[in-house]
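Both of the next two complexes hold chain A, though its partner changes from chain B to chain C.
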Partner chain A sequence: MKLSATKQLLELYKEQQALEDYQSGVPRWCTGCGDNAILAAIQRLCRDEGLRPEKTVFVSGIGCSSRFPHYMKTYGFHGIHGRAFPVAEGVKMARPDLTVFVNTGDGDCCSIGAAHWVHAIRYNMNMTVFLHDNQIYGLTKKQASPTSPIGTKSNTTPRGSYLDGLNPLTVTLGVVNASFVAQAVDWIPETLFEIVKAAYHHKGFSFVRIVQRCPEWLPKSLDPWLQDPERIQLVHHADGLQLSPGLSRVYKNQIEHNPRDIHRAREIASNQEAIPVGILYRNPEIPCYEDTRHAGALRTVDAIRRNFDAELDKYTV
Partner chain B sequence: MTTKKSAKKAGGMSCTTLQEHIVEIISDSGEGAQRCGQTLGSIAARMGNGIWTTEIIPAEIRPPARSVAGASGNRIRIGSEYITNGGDETDLVVAFNEQVLLGRVNARELKPGCIILLENMWRTHADPGIAKSYTEAYERLVKAGYKVHEIPMEEECLKITSNARRGKNMFALGLLCHIYSFDLQAAREQIALTFGKKDRSVIDANIVLLEAGHKWAVENIDFSFRIPATPSDKKLISMNGNTSLALGVMASGMEICAMYPITPATSASHYLSEAFERVGGIVHQAEDEISACAFAIGASYASKCTVTITSGPGYSLKQEAIGLAVMAEIPLVVVNVQRGGPSTGQPTKVEQGDMLTAIYGSHGDAPKVVMAPATIEDCFYSMITARRIAETFNTVVVVLSDASLSSSQQPFPRPEFNEAWLAPPYDQNPVPEGAKPYDWDPVTGIARRFIPGQPGGMHTVTGLAHDRQSHVAYDPDINQEGLRMRSLKLAALQKTLLPPEVFGAPKGDLLVVGWGSTKGAIEEAVAGLQAEGKKVSSIHLRFLQPMQPGIKEILQRFKKVMTIETNWSDSPDDELINEDSRRYSALATLLRSRYLIDVDCWTEVRGQPVKPRTIRRVLLAKLEK
Partner chain C sequence: MEADLQAHVAFFLSGKINTPNLSSIDGLNLRPALFANYRDLTRLRYDFPLVLLKDAPDGPCVESLSGLIDGILEKIAKGSDGDRIRKHVLRLEQRIRSLATAQDSAPLIPLWEKAASELTSEDKEVAEALSRARANLKVDGEVIDCNVSMPFHYLGHVWALTQTRRARRFGDIVKRLVIKLNEILQADFATSNVGRSAENLKRSFGSGPMDHFDFEAMSRILAKSAPKESLTKSRRRRIEKLLATLQSQQFFPTSQSDKGTYTFAFDSCAAAIAAYRERMPKAIELSKAVAVAELEVKGEYSESKHDRLFESFGESGLDPRDMAIFPDYLVRLHAHELPGEELSWLTEIMSLNLPIKVLVQTDDVIERSPIHDGHLAFALRSRQLARMALGMAGVFVLQSPSSSLYQLREKIRRGLDCSGPALFSVFSGIAGSSAHMPPYLIGAAALESRVFPAFTMDPSSGNDWASRFSLAINPQAELDWAAHRIVYEDDACQTVTAQAPFTLVDFVASDARYAEFFAKVPKAQWNEALTNAGDIIARDKWDSIDRIDSVPSVLMVDEDDRLQKVIVSEKLIREARRCLSMWNSLQELGGIHNSHVEKAVAREKAAWEESARVIVAASAMASAVPAPSPAAATLSPAPAAAAESEPEKSSDEAYIETPRCASCNECIQVNDKMFAYDGNKQAFIKDINAGTYAQLVEAAENCQVAIIHPGKPRNADEAGLAESIKRAEAFQ
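Let's turn to the complex of A and B:
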């Protein structure tokens, strides 16, 4: 097929990125850890979208998940426990031109950083958030996390955890300005990638909870879901996740759901029996905090001088 | 204070010339005494007088009316010369009710024989309890020797306005303008400026009340004062330390301020919220103190240096994030407007209790720069200096203001805007081939940071120990090197500092060392003693970490050295306290450990700015010891 001359020229100068352009070092996660699958999906996203490595920032907190930025050949910010959101918000506010991703875990996001999580949803800044939810503290060696199911045996709950696990989806969907909420599981790479991609393309705070395995501390906890395809509920829609024939054959528990319907999204998110996988909610019309705040004056030397002098006039005696 | 009877006008009216006077206006919250006081201060400044105004703030937003703890208002020290601090006790007070006045009497804030102008509407109040408490208080005050003048403020105001509660403050201002022989036209102009944002009718209504108060005073008050002014040849501006600091943020070229509401820091952010956005700045009110600090760090990491403004409890909450900025070498300015501590402490009161927390705060070795503005003017310039140091050394700069600076007003020379104050644009050029994100200079420890957007500079900053490539490192040598490099930066900064100036003779019997808002009071007391031939000098430290060079040499030239601070230190007079157990004040601890000199200290934590008279007493005792 022939291309027009202009198009050929554009193709010539189009930078082709390879997966290697985004890979940095060998991940130190355990064999079989769901983080590896998430890394693969995100590196593929970066390549497919041609993201410029120098204009991309991965921000994380502390925990296994938060080692993520070290394995990306982009800019990265591996901060402190629970504070990935405010750091990412500062980056985005100062530099709306940068593409910002956040990698956080169930302890980081839903426990120590829970206050920031709630407000990050409300700010709705344009960033893509991956909650690596393995339902256990990994880096500190097996303590119950807020998303651990009740009865989870851990080093701090040797007789089983006492409280029901928190549901990150219903929490997120309950906060004002929630604009994109999706769920994936690490063991279905095809949907993981599609969901990551949809999250990246949404303008606003795109929240993806990824249910992931922890082969080290909870090796069997997800087996009932892994072994029974009926316990994965594929949530599909023409405006949401679309199912390939292969996927449809294996996972027969499917529902159609319009991601604009927040009430139904909350209902689906509450499903305890099966893990819903797909895009639960998407509302592109909610304004981003950084856009709202950047409506001010230009930062020119003259503007600063003028305003400064005008202010001093008010205080002159 | 020297007074001199200069003239006796017709009708038994006497006008006394004074060097200085301290006047305060107090009321229940919401009756406008604050505004009356601030306006009076500004009028005095317009007349060319030196002024220092201090806010009198109750701890609660709406304390019960007519309560001893509810005094709200302003104290203005007016002088012929430049005034550097709030001074001693009050000479003249205008009180809208007797209860708030009793609060001030109980706090020993009024000078013996102080003139009191007291609203007299309570004497005939319908509630016999109120009338009784008024009469009793009146008699108690007269008996104690105060010169009490009962003023029918309410009655006079009601002739003009239906709501005297909203106008009494301007009537009182009129009284004071007559008493202090201020030009009524200057007062009118100042009111127009104060209410500038409002409708012209509001300004006019206030001017009518002002004039009524003035007229009443002319007809009924048989004394007045004149405090000769020596107008400055420089253009002056007058504001409080928080406004000054906020203007400094604007002038420094910083573009983002992330904060969480806390007293007494918040008014700086109020001002920025109003004025900052007009120059493209952003005030982000975060969900908590930790978030405000982390947000500022994220913004600094990706562009220019950012500021977060807080007070004691908020400063404690930020510690982990501050450590991250130190570790990752991200420029950051943290303002701590200190208040009384520990815990919630005294939110509206002054204390210098956070110095050691500022220096040593955050776990591990987290070297950061700590500055302490000593005047309201310093508050302005400290922001420009702090931003520049933070960006030059890629580190955290803590600026310790306090509740005295934040709420006091003092005129200072109007700054001339300088383009060089502004932060340069952040670098977006490609990083040279092979350059490392932490390529520490072996002598200074300084490395040039890479900012997102710079091609070739991709790396992940981390709070974990890291090597020059910013790779997480567990090698013992690398950790040793990292700590060494971050520490060396302070030494490098120290080389650029000048020794502190000695106030007074370069050697003598006693050297007083201070820091922060106590400068004016210390120097006033020291100057008084010097005038009496005492060999006392003082130095005032503006950098607490690193410390300026030459301090040891100065300390060694005096027989005795002591600090004066408003933080805690044990008193050697307490039975259990001896050299083994005594906890010294913050600065004394620091000076003793650094210079191996026997530095004594005197401190108080009464929540009030320390008075020159108190310092004088302490220094005299120290000289005699």
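Let's turn to the complex of A and C:
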């Protein structure tokens, strides 16, 4: 037996949740929105991993993607624009026993929240981050976002956007202490789930960019990738994403890549022709900030008194 | 020459000196030639003395003095005066080593200060170097040499640190549970009528502008939002009882415990078992309290389900992994205390897997057997104790002379930290008449000569012998005897090099009690018939030789380091062969020259050679037709290259590629009776008859990832069918 008799006893009547038990309300996303696929994959993860709703928190900022916590029957924090990361970091520092997820969008994360994003990577706190990247501000009805491809026509760029889109993968891989970087697309549910699962199991800041369709505002923009399997590049490895026979049959553009090789990860992340799908980088040895700062230390009366005295001692003359 | 051989053979066979050309070695203070360079160990840098580091439960709990000094030198012996600093600090180390050797044990800092004060009086530069070294000495602890009390001290020290770690772990568990349980009670009080009363609200406010608040109004508002349910009486009673149990435990010292704590170190197995049995009910009660409290603080305790389960908790004892939160018992005793009842208790400890760690210190590994009858026989009781324990399931076993304990420090830590019993059988090196030699040297010699080999058996390392059992620490473990080079100067002042195995005979030769089994041969009579004892012991056909043409001898040195040759009695050779046989069986356990493996390899090799021979013969006969290569002949059919193919769907049949569904709701919104989600929230056709063909085609058109295939219509009378069929063509 893996667990001792007493531990088995404690688990005996543990409640098992069904996928529907994690569903809260009816999603108000547009019909056909890629957010639905992400929601399904994450609910499946919660069920398969037996995550207890009262021990799980979804934190978000503002945007379509950030409505995510409303649709999960767990704890949630629908924060303010660009500030999902600081909120999630605070939750993790105060309650390191909770499982923390962050759902953010390309506007929320890569524009107004960019500074928080960079430092969240550097802090490497144990949380799983999903960047729902539909390359447009959807909730406010079509404005160009930092990841919109050059030439995107929108309400703020009626003649087409003038700048190349920011690549969230290469940015993340360029920040010190990056420990897990992966990419998925919402229209291949099998790899989406596998990547979500791998991200959850990584101890540290797991960053998953999910390339996501917006059928309402950019209905055709991802068609070239959606319709041509050759433009999806499956990144696989024994220590990374592993491919099923069915997947290999459809998507023949595959490369093997060791997720410990950050230089090659940066190279793959820069691919413009095909969308790399898989685990680009994983380094489990980078310490988590909450561990470095002993966030889980018990707040006993003695400990509080000791810390309080230490603070007051600073002002002793 | 022949007469000399006869005299030597006569001694070899009878053990009696019958010729003036041989002399007894009794009183000559001879020692094995290999020991010549080790007369004064204080002048050498080696593992001892050890520093038993204080206050280091999580780091290395022991360090060698030379290791500590090396660490300091790495920091300070740099630059142009690096060599000078190194020289001074190494002199200090030598002085500390001498001081440590002279006493049982002493704290490092005073020893350091004393040694430094002796050296610094000589020179200002020395004082400066030693002062810098002192500033970089960041640890303290007892300094202990390899002496008779070292194993007790060492094991006791590591065990105490293990207990400290456990106490801290346990303390964390109890503190957390006590806080959380109290919070449940406090929350219940805060929401009760008394808790929400104006008086209590006022009291909880502390000091400050009291007049600005209307606590009566606050109490009235809070009363309206009071939860309807409060703690049940039974739950309150249960929580209070848990708190009482957790706070009154005596296994570990805590700030909340008002009773004394138990002691866990004993000097007999009987006393340790008695204490263990007496405390077992308390351990079960505490273990149960921890388990129930874990459920309580998560709000998962269900009286209907858990009451009955916990009623019988611990009736059949505790799982060893549950016992691992409690302190372990330590018993330290000498081998001579074992015979009789104590040995029975020790056997009980091991066979019942009790969490008791036992150190048995042996001071003499070649004591004469109490039942010897004219012949030579060494008692095996101390040497074989650990080997007997190897047969017990789940027992951590370590055997080693004290000289190797430092090298085995990590294994010792694991043994003391394991959840079951552990036996540490240690030879102290204080053997009978070898007292004029340092215990470290005797211990190392016992290891080299296979008289007291070192091994570890760690059940937590895996499920097979290869993972659990290790002989790695023995020198040249793959050989029968460890061989060493002896370099000496002959009469013509020329350097001579000889290769000599170090055997049980060499080990016994250093012990004056067995001088009668050796005879010194004058140099004039050294001849080729004097063969190294190691070669004689290993001779395969020893039992079948008709005539003795060589006599075993060993090289020794006298007090002036002059080389001597002594011949050995046959009784001792017989004992050495017994020792070798026991070593060989240990080697087999450790996977060295394993007879089962060697036989299996020989069998496979013969089979392979036979099959190759047949193939070559067949090839020669059918030379006109090229034969398949042996490799090709043995190859199994290649696995199907293509991945398992799924059955092709008929284009007449409607279907969804469910694994590719992106859960976007499009089809569900068209007709939620026709389409539904599976357990993974991916769409499938639930009921093809629940809608029209037109709806099927509409869903296919709306599907974001184009995975709905409408097939052919089932109802030929459906309105607008021709147009639907045309639209469906894109999705077939």
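Just so it is clear, the second predicted complex is superposed on the first by the 284 of 317 C-alpha atoms of A that agree within 3 Å, B and C clash if a C-alpha of one lies under 4 Å from a C-alpha of the other, contacts with A are read in each partner's own complex, and residues count from 1 in each chain.
Operating definition for what follows: a contact is a pair of C-beta atoms (placed from the backbone, for glycine too) under 8 Å apart; a residue touches a chain by one contact, two chains touch by 3 or more.
Every value quoted in this text rests on a predicted model; they were computed, and no experiment measured them.
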Contacts for A:Glu89 in the overlay, against chain B (first) and chain C (second): which applies, first, second, both or neither? first
Looking at the overlay, what does A:Gly174 touch: chain B (first), chain C (second), both, or neither? neither
Quick check on the superposed pair: does A:Tyr75 touch chain B, chain C, both, or neither? Answer first, second, both or neither. first
Does chain B (first) or chain C (second) touch A:Leu298, or do both, or does neither? both
Under the stated touch criterion, which partner chain does A:Pro229 make contact with: chain B (first), chain C (second), both, or neither? neither
Taking the superposition on A as described, I'd like to know which of chain B and chain C A:Pro149 touches: first, second, both or neither. neither
For the overlaid complexes, name the partner, chain B or chain C, with more touching residues on chain A. B
Identify the residues of chain A that lie in both the chain B contact region and the chain C contact region. 298-299
Across the complex, what residues on chain B touch chain A? 42, 45-46, 193, 196, 235-239, 243, 247, 250-251, 253, 255-256, 258, 275, 277-282, 284, 286-288, 290-304, 306, 320-321, 324, 411, 414-415, 417, 419, 422, 452-464, 471-472
As the complex stands, chain C meets chain A at residues 172, 175-176, 179, 255, 287, 291, 294-295, 300, 302, 305-306, 309, 313, 318-322, 643-644, 646, 659-666, 669, 679-682, 702, 704-705
Enumerate the contact residues on chain A facing chain C in the complex. 4-7, 9-10, 12-14, 19, 27, 31-34, 36-37, 39-40, 43-44, 186-190, 193, 213, 215, 226, 245-246, 248-249, 298-300, 302
Partner chain B, residues of chain A touching it in the complex: 24-25, 53-55, 57-59, 69-70, 72-80, 83, 85-95, 97-98, 115-116, 118-119, 293-294, 296-299, 301, 303-305, 307-309, 311-312, 314-317
